[in-house]
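What follows is chain A paired twice: with chain B in the first complex and chain C in the second.
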Partner chain A sequence: MQASRARLFKEYKEVQREKGVDPDIQLICDDSNIFKWTALIKGPSETPYEGGVFQLAFAIPEQYPLLPPQVRFLTKIFHPNVHFKTGEICLDILKNAWSPAWTLQSVCRAIIALMSHPEPDSPLNCDSGNLLRSGDVRGYRSMARMYTKLAAMPKKGAESSHTL
Partner chain B sequence: MDSEDDMHDADDLDSLDDQFYSGYAALGSDDGDEYDFVDNVSDGAEESTSHRQQQNYTILSDADIRLRQEEDISRISTVLSILRSEACILLRHYNWSVSRVHDEWFANEDHVRKVVGLLENSSEMQRTRELTCGICFENYPRDRMTSAACGHPFCHTCWRGYISTSISDGPGCLMLRCPDPSCGAAVGQDMIDLLATHEDKEKYSRYLLRSYIEDNRKTKWCPAPGCEFAVEYIIGSGSFDVCCNCSYGFCWNCTEEAHRPVDCDTVAKWILKNSAESENMNWILANSKPCPKCKRPIEKNQGCMHITCTPPCKFEFCWLCLGSWSEHGERTGGFYACNRYDAAKQEGAYDESERRREMAKNSLERYTHYYERWATNQSSRQKALSDLHSMQNEKFLLFQLEKLSDQQSQPESQLKFIIEAWLQIVECRRVLKWTYAYGFYLPEHEHAKRQFFEYLQGEAESGLERLHQCAEKELQIYLDAQIPMNDFNDFRTKLAGLTSVTRNYFENLVRALETGLKDVGSSNNQATCSKSSSSKSLGSKAKGGKSKATGNSSKSAGPSRSMDDSNLWSCDHCTYANPKSTRTCQMCEHHR
Partner chain C sequence: MRRTLCKFFMHGACLKGDHCEFSHDWQDQANNICTFYQKGVCSYGSRCRYDHVKVSRTHSSGPSFSLSPNSHPRSSSGSHQVTHTSEVPSAREHVLDPSKSIDVSTMNLIHKLPSTSVWTSNFETVTSSNDELGDHPTYLTDSDRPICSFAAAGRCPYGQSCPRLHGDLCTICGKHCLHPFRPDEREEHIKMCQKNNKHLEALKYSQEIECSVCLDRVHSKPNPAERKFGLLSECDHPFCISCIRNWRGNSPASGMDINSALRACPICRKLSYFVIPSIIWYSTKEEKQEIVDNYKAKLKSIDCKYFDFGNGTCPFGTSCFYKHAYRDGRLEEVVLRHLDAEDGNTVIAKDIRLSDFFSGLRL
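Moving on to the complex of A and B:
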């Protein structure tokens, strides 16, 4: 508990210090609970997620960083490795390939990489995985694009505080 | 993939040879002079020893395993000039095959190093006074940090936590790498011993030991509960049956209880079937049945199938078929037929429990028949096993020894024949049990095969009955009373003879069933149907034996046991079943 708190505090300070160094990621610690974080990530360019801003929620276990944080998408996203309803993410570094040397920042980077390179063979979203596996890249892209527009694009006038 | 001995052929079963016939002829010998075969005992015993396979497995104790593992590790460490912990990582990666490690290493050392994470040139941690731990991000003096061969520094608290998390996650801890995600340098036992808690070190070395057995394709743990022995098996060496030092016999291939002569697939099917039918079968396992004569419930508390009802009834009957014992086995020389499933007999004639009558389905009846006999032999075996244990453990034999040596100065070795008889009973019950699974899956339409099989099984059942009865009941007479030396010597000769003959018979039976009764014409429907008139006498005899039970019917059974469906002929004189190719009886030299 003490070790994880100390480590998260270090990450917090690092995030404050490095603010803006990585323009694609904005990590925000909950005001009252250092084990709850959210992040806003930009959809990578040349993907159907481009132009979208996606919100992630982090729940951090007491044994962190020996055990990985639990991360899920709060923003709807059509992606083979993200559960469409719950936002749960299938990513090896969040499971058996976790290393305690990873940080919340590097987890965000890994998730952005996953958005660029979906793994249709371990799908959490079968519809999306099947489209890709059957070679229907256009079908996948247009679905993903549609949901990006619907859920991840800042609407005019609303929620302007969430834009990066 | 990993296959230094895959080229061996697993199938080197002995062929069905003449010994088979000599074996069962002895049991099938005429009544009256049933101890004739004792003369041949020495012969039989020699044959059976020469036949016994050289043991194709080794039992390993905890100490043996540690020693071997240590030897393998040092050998690799010496030959490749690498650290002990590195040799250990290599061996684990190649499933503890020393030769495989050699081959791979000398074929492409760089590749192997990369795959397992052994760096050729280890880097030291940076030479600064303070370093930052890659996990907690705190700064520590250099001497309070440790790294793997890669030089990535982590503080001791973080190392301990990292190692502990991995160990509590399972045997994957044996493949531990540097925590730096980009690194991959192996973390071996030397670092565990340096950094982990005492408890974790123990756990790690247990995983390492388990891996030595579980990841090596030549070794397995004995599946008996609580047993800590392992078995090393010579792959491709034939019979899968192994017997652990804890006395549990099991199949090396499927790790079920030893099941020769039935193959692993049949066993798996049978076990599945049993669990599917277990609700229907529970009542069968109850150890009590009504006496067929007086209807009082009788409990089976002895190993053999010969049951005597309590006074005043004293009716003697067979536990398996509930038929009168006087129609069974050696007394009448009749065909022992309670092993045979006979669909007709299920109808009406039997006054068995209501439950049985409710079983309308023939298939269930059929299964019930085989299951009941399988289960009864199983419990008979358990009983014999516990009898044997109590004889070996308790003061039983010591007491007997005293008594006997007082009476007749018998040295201890002279009583070994009793233990041997019981060991044989236990083994035979096991074989017999599995012959019922064999019978259940023997195709119904292969009449000749079925008949021959049932004949062999029947003879096995009755032969074993004789041995079991002799060891269980006749022995008791000697324990209860003061018997002259001569009588005891007679008893010894009889029991030792029965043991030897039964052993031979069962060894041959196992061999015959394993080769699929290939000497018997299998699917010649035309021939078998036309023979059904002659073979019917077998069936009707068995039936008649139960309902009418006249002495005549069992006498007429003599010639009727001729197996003329197959390529055997039955001797008129001694009833021995001879191969068609012979003109004179192999047993008594009577001409055809």
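Moving on to the complex of A and C:
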């Protein structure tokens, strides 16, 4: 418990110090609980997620960094490895390939990499996975693009809720 | 009389070498009795590094050098009482044996003349005992002459008029502690100094190194016992010993596989089968090898608790790092059973069961 708190505090300081170094990631710690974090990540370019801002919720276990943080998408996203309803992410480094050398920042980077390289063979979103597996890249792209526009982009005329 | 281990030798700083009247043999017992406590008052109290025990008659033949066998047990009621013990006259009259008397008479002088400082009273004793040494045979050769410990420690207040030899400057530690006429000792001191220096450098270098698990500097952990590196046998990534052990000891129930995740380096994922604790970090392959070898040698001298002097069986068998020896000191003999198959393959057999033979039978 003490070790995880100390380590998260280190990461918090590092995030404060390196603000703006990685313009695609913004990590915010909950004001009252260091075990709850939120991240805003930019959809990578040349993907259907480009231009979107996706919100991630981190729930960090007490045994961190010996156990991985639990991460899920709060913003709806159409991606083969993200559960469409819960936002759960299927990523090996968040499960059995976790290593304590990963940080919250590097987990965000891994998720961005997953967005540009979907893995249709272990899908959490079968519809999306089937589109890709059947070779319908165009279908997948247009679906993903639609959901990005619907959920991850500021609506025209409305005030943006995300500031990045 | 070389029974008591030299205190200076213990700390690696005896300037007398072979000429020291105390033992330089680690087998000998050190005199760890606080002399100030014997006299009633030790200003260090419970923090004193020496033992606060009363030396009674039974102890008098023990390692204490300054206590003569006929000395009375001392009371702790007052320091001035000390001067009335039987030891005082003998100490002040028989100053002929400098090694024995200087120590005792200085002690008494300190208690008798509280107004004079320790420094001056010490000097007076040294010079007076040297003056009285008129009929004492002078040192035969230069190499028998001791060197001045004041000069060696930094500065000798008597300068040129000092009755003792002033040592040459050691360029490594910057002290005048090299005996001009004892080449063996000089060499030994320089060797030791170089070793200490190297260790210090390595320690300084190690201060900066961070652990990738806790993201802290290994040497700035709050608990001093945790300020140690855990070296992985197969790669060169630094971790705290506690962090890497916690990670490797993570229960497989957490979903991580022992062989692919937990035993792998958290950074490069190279598998390592053991972790070596070390205070210092290494900069070359040879240094790492030395640390590993020292660690293994240390473990090899400890009896394996699984083998239990032959009463138990060790799951690690021949690759166990601990000592497999029977009570009589005989080491375990390793017998490997080779099973040679017709096709030329050789298998090393362990714990053969009868069923193993049936499975290969063709009926």
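Worth pointing out:
What we mean here is this: the second predicted complex is superposed on the first by the 158 of 164 C-alpha atoms of A that agree within 3 Å, B and C clash if a C-alpha of one lies under 4 Å from a C-alpha of the other, contacts with A are read in each partner's own complex, and residues count from 1 in each chain.
Going forward, a contact is a pair of C-beta atoms (placed from the backbone, for glycine too) under 8 Å apart; a residue touches a chain by one contact, two chains touch by 3 or more.
Quick caveat, the model's predicted, so the values are computed rather than measured.
Judged by the touch definition given at the top, the superposed model places A:L67 against both chain B and chain C.
Of the two partner chains placed by superposition, A:H117 touches none, neither chain B nor chain C. Of the two partner chains, chain B and chain C are each touched by A:S99. Look at A:R7: by the touch rule set out above, it reaches both chain B and chain C.
In the three-chain superposition model, chain A touches both chain B and chain C at residues 3, 6-7, 10-11, 63, 65-67, 96-97, 99-101. Across the interface of their complex, chain C is touched by residues 3, 6-7, 10-11, 14, 63, 65-67, 95-101, 103 of chain A.
Residues 212-216, 243, 246-247, 250, 254-257, 260-261, 264, 266-267, 269 of chain C are the ones that touch chain A when the two sit in their complex.
On the chain B side of its complex with chain A, the touching residues are 134-138, 157-158, 161-162, 164-165, 172, 179-181. Those residues of chain A that touch chain B in the complex are listed here as 3, 6-7, 10-11, 63, 65-67, 93, 96-97, 99-102.
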